[in-house]
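Paired with subunit B in one complex and with subunit C in the other, subunit A is shared by the two complexes that follow.
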Partner chain A sequence: MSLSMLSQLLVSGLSGSFVLLLTSLGLVIILGYMKVVNLAHTEMLMAGAYICYYAFQVAKLPFVAALAIAFAASFLFGVVIERLIICHFYGKMSETLLATYAISMLLKQGALLLFGKNYKKVDYPTSEVFTFGSVYIESYKVVLVGISILVLAFTFFFIHKTKIGRKIRSTTQNRSMTECLGIDTKRVDTITFSYGMGLAGLAGAAIAPISTVTYSLGESWLTNTFMNVVMGGVSSLFGTFASSVIIQESISVISGLSNSVTAQIIVLLVVIVIVRLKPEGLFTSKERR
Partner chain B sequence: MRERLKKIPVNKYIDLALFLFLVTFPLYQKTYWIYVMSGIMAYMIFALSLDLLWGYTGLMSMGHSVLFGAGGYMVGISCAYLSEASWIKYDRLPWFLTPLSSEIGAFIMALVVPGIIALFIGLFMFSGKIRGVFFSLITLALAGIAELFVINQSTYTHGDSGITITSRTVLSNSADKRMTDFGFYFVVFAFLLAAYLLCVLLMKSRTGKVLKAVRENESRLQFLGYKPASFKLFIFVVSGMMAGLSGVLFVRVQGSINYTAIGINLATLVLVWVAVGGRGNLTGAMVGTILLQVAETILNSTFSNISADFAQYWKLALGVIILIIVFFIPKGFVGTLVEAEQRRKDRNRKERILRKGGVNGNG
Partner chain C sequence: MKKSSKFTALLLSLALLITGVGACGKGTSGDATKASSGDTIKIGLVFSLTGGTAISEQCMYNSALLAINEINAAGGIGGKKIEYVVKDYATDADTAVKVVKDLILQDNVKAIVGLYTSSSRIAVEPVLEEYKIPLVYPTFYEGEKPNPYVVYTGCVPNQQGDYFVPYLMDNVSKNFYLIGTDTTYASIINDQAKTLITSLGGNVIGEELVSSDTTEFSDVIAKIKDQCGDQGCVIYCNLNGDSGTSFYTQFSAAGLSDNYTIASFIMDESFSTALGKAAVGTYACVNYFNTIDTDANTKYLKAYSDAYGADSAKAVTAVGESTYDAVYLLSKSLEKCGADITTDNILKNFDDLTFDAPQGTIQVDPDTHHIYCTARVGLVQDDGTIKIVYQSDKPIKPEPTK
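The block that comes next holds the complex of A and B.
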């Protein structure tokens, strides 16, 4: 493999890492702060992508508006789902998994029946291609990196600097104590879950141009996002970022050498081994035990 | 005698009824239904294997189909190689698949390979302090990848189209050793009965009790001096081999295997079967499988001439079924029955004790 090809793979791998970070952030937040595995997450990506298609491609709204609509719609959907279904199953792992899987099934089959099997294509909002020597990158991928960094920064700000973020963290640390202080933890749960779902919708809308929008879009992200969560752990957002980079860069480079499926298998094996060595995630925050 | 009969829990009676039903079923049914039921019985073994893992030990594997499919594909690849299917481009199998060049070797490999996969995952997953949910996520990711893997390795697995093999033979491959649907039904039935008895014996043994303790309170078990990790590894390998066996039987019934037998769809479907029937008693897994699969077959034949998209509506319905189950009968049908019986027995015992006036009343 030549040097230029390697650098090309590394660059696309890096942009891919940010995309993976964006697509798994919602999952990490819901798992990390609520101990709920949201199997419907990847189907929310699919829903977000469809929203982006109808808002941006069909209705010709500006792309930022499409992102905002996707976030808002998924957030509201999250509120409904949390109040109706998820809130009954806190602390019951099997039931949560089954319930969220049922939701994902309903979403996927609903999309199939509503929108049909046809592929939809969303145009690139920006179409230039940057070239640096032999390495090129589509400008939209740079935009995606930007979106991803923005979302990460906002999430960090939201969780660590705002009042509601403080409530979220305190609910995670000690629910009964938080309740004693007069904070409605049920409302906090709803907000946390809906925020995670909203991020999933936003990410789905953002990745719509680089993927074919179809009912099975969620499935193709399932493996990578869940591997990412397992490897990065849930205790720090930085761990998620690091594991996104590791996973996507290795997949990108190994795909260049053989093919993407072999790459995924090798990465999964590595993830299994890493999880054994660092069960709490790559970068564990110092917690008192 | 009556007292002893009364002590047997209700699910054992259901088991007995179920097996009686299954053994008489082919006597009055058409060949089509015998064929369908043979497939369902193979699935029942699969559900039993998951019940060992999920219901008894509390390890929720979301990628159990990988082990099912691994078993099935071993037989599939072997049959394709031996009968020199037209799509085969390779001259000989790679070294790690050489046992597949004999019929018995293929059967053994179909049990060993899922066992090895389970062993590998288990070795890493169970020996650390990894939380239970990560096990589910890793197995889920595995199922997702396995599906892509078999499509990708089309040299051996024939990609999307899957492998067609001679159906209704146990070990052999030649068309003249084919059994009738009627005959093969009883072969699958015998395997199901054996698998069921194995599960019952295993769960009656001391090992089974330790496994239940893993589910109930793992850290307490550790304080008592047991190593939960090795027990979990043991049951995962056993369950994996059983899943492999069910895969073999299913392929032999169906006469074909493709990527759907190894992917997420089947992995989650089997979770639904076990959840509907109720986990933690072997009956539930079998009842759930038979209920949902028979319902799907009947509805499929009824609606297929009305709408071509029946499968999609069925999946939609499955989603609703899961929600109803987790909301209203989280223990599943059989689980709820068993619990109700237990409660009645407890009440009776309490009344008896109260009547005799004192705890010493020998209840």
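The block that comes next holds the complex of A and C.
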């Protein structure tokens, strides 16, 4: 393998890492702070992508507006779902699995009925390609990296520096104590869940241009996003970021050396070993206070 | 929280789950007329109305219904109307086996039209042999030793790749990079292509098989750039579904379409109209493109447009057309049976049967029960239509075991 190809693979892998980080964040928030495995996560990516298609491609709104609409709509959907269904199942793993799985099927079949089976294509909002010597990167991938960093930074700020963020963390650590302090933990739950759903919708809208928008879009993200969360551990945002980079860079470089099927298998095996040795994930928070 | 409210919520989520499953599991029975079996002939239709290949199979399903409605409107088969039962196999071979058994045992159909994936066809063949019911399989595929209970109305590699590869070598480049989804179909097609390219003096620069849920191709694109360099190259691409569309998009976004040209069996009108700019200038090869200028094609597209809308008619594909042909050929075979509709008669009557199809006149080869058809190469135009840039002088004899 030539040096130029290696650097190309590393650059592609790095941009892929940020995409994976973006698509996993919502899942991490809901699992990490609420102990709910949200099986509807990847279907929210699909829903976000459809919102992007209709807002950006059909209604010709600015791309940023499409992202905002996707976030807002998914957030609201999150509120409704949490109040109607999820809030009844906290602390019960199998019931939440069943409920979120049902929601995912509802979303998927709903999209099939509502939007039909045809492929929908979202144009790249920016179409230039940057080349540095023999290494290239599409400008939209750079935009995606930017969106991903912004979302990560905002989430960090939201969880660690705002009042509601402090309430979210205290609810996770000790619910009854938090309630004793007069905080409405039900409202906190609703906000946390809806924020996670909103992030999923936003991520779906952001990846719409690099994928093809169909009702089956969610499936292709299922393995990687869940693998990422399991490996990174749910209690730190940094863990998610680090495991995104490790997973995507290894997939990219190993597929460069052999092929992508082998790469997937090797990475999956490595993840299994890591989870066996460190069941809480690679980066369990030492920051828990 | 009260116990009862938890219970209600659990019930609610269960109800959601069941409706979700229900939407994709159950088949629907067509043709409202519940006439006694003496007045109608019952056939089964099996397509993925949901599942990974539903996008490709929608046109097949639509075309099958169109043909049945046309035949019934013209008086049916010897005065008997066609009654049909639709089953969804959701791109799953095990489901295909189950629904085909249901069609045979519960609905007592005389014949079945449908299936798209090779894995489902292979899984269903033993069922057909066990219950001795004919299947008309309307998809172009990789070729196999013909099954006595299957009639194949799509083209096989000697009517497709054998003309595609030489055309690409003469008109595009002698260098080939093969990429495909890791399935039976793509690996067989790529192996056939490799043999052909080498024997004609071309170079196979690299080969790449990816898993079917791959939608990120930057590593593959990097490899192609690295290994092909500045020389021109044909990217011989057999990726299916979402994987295929992602590859075309990322390939074009990376600015690679200037140096390299994608050629694919998978490219058809449903992809080319959806992909926009990313598909323009890529090659396709199959026996039918909807730009074919025949009276039968004009009539077919007009009827399709009237039934399903003008936009859907633009995305009519080769598998749709061969399903339309499949139903017509089956109806002709049933008509020849007269009052004596048995599996042996139906199969025997397919021998040398001809039909004035949208792609031109097709004929069933009595030895293999595949069709004689013309090979065509198409180039995707700016407006998403596929222009025919090459076609064989005459219909080619099918050689499914070649």
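Just so we're on the same page, the second predicted complex is superposed on the first by the 286 of 289 C-alpha atoms of A that agree within 3 Å, B and C clash if a C-alpha of one lies under 4 Å from a C-alpha of the other, contacts with A are read in each partner's own complex, and residues count from 1 in each chain.
The definition used in the following text is that a contact is a pair of C-beta atoms (placed from the backbone, for glycine too) under 8 Å apart; a residue touches a chain by one contact, two chains touch by 3 or more.
Keep in mind that this is a model prediction, so the values were computed, not measured.
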Check subunit A with both subunit B and subunit C modelled on it and let me know: fit or clash. clash
Considering only the touch criterion stated at the top, classify A:Met177 as touching first (subunit B), second (subunit C), both, or neither. neither
Kindly classify A:Ile210 by the partners it touches after superposition: subunit B alone (first), subunit C alone (second), both, or neither? second
May I ask you to decide whether A:Gln109 touches subunit B, subunit C, both, or neither, giving the answer as first, second, both or neither? both
Would you check which partner chain A:Ile85 touches, where first means subunit B only, second means subunit C only, and both and neither mean what they say? both
May I ask you to decide whether A:Met93 touches subunit B, subunit C, both, or neither, giving the answer as first, second, both or neither? first
Once the structures are superposed on A, label A:Asn259 by its partner contacts, choosing first (subunit B), second (subunit C), both or neither. both
Looking at A:Thr223 after the superposition, I want to know if it touches subunit B, subunit C, both of them or none. Which is it: first, second, both, neither? both
Quick check for you: in the superposed arrangement, does A:Ala65 touch first (subunit B), second (subunit C), both or neither? neither
Using the superposition described at the top, determine whether subunit B or subunit C touches more residues of subunit A. C
Contacts for A:Tyr124 in the overlay, against subunit B (first) and subunit C (second): which applies, first, second, both or neither? second
Location of subunit C clashes with subunit B - one stretch out of 22-30, 166-174 or 364-372: 22-30
On subunit A, the footprints of subunit B and subunit C overlap at residues 85, 88-89, 95, 98-99, 101-103, 105-106, 108-109, 112-113, 219, 223, 259, 261, 264
Write out the stretch or stretches of subunit A touching subunit C in their complex. 1-2, 4-5, 8-9, 12-13, 15-16, 19, 84-85, 88-89, 95, 98-99, 101-103, 105-106, 108-109, 112-113, 117-121, 123-124, 127, 129, 134, 136, 138, 140, 210-212, 214, 216-217, 219-220, 223, 251-252, 255-256, 259-261, 263-264
How about subunit C: which of its residues touch subunit A in the complex? 1, 5-6, 9-10, 12-14, 16-17, 19-21, 23-24, 50, 52, 54-55, 58, 182, 208-211, 213-216, 218-223, 225-226, 241-243, 245-246, 249-250, 253-255, 270-271, 274-276, 278, 315
Okay, in this complex, where on subunit B does subunit A touch? 54, 60, 62, 120-121, 124-125, 127-134, 136-138, 140-142, 144-145, 148-149, 151-152, 264, 268, 271-272, 275, 309, 312-313, 315-316, 318-320, 322-323, 325-327, 330
Spell out the part of subunit A that touches subunit B in their complex, as residue ranges. 37, 39, 85, 88-89, 92-95, 97-99, 101-103, 105-106, 108-110, 112-113, 219, 222-223, 226-227, 229-230, 259, 261-262, 264-265, 268, 271-273, 275-277, 279
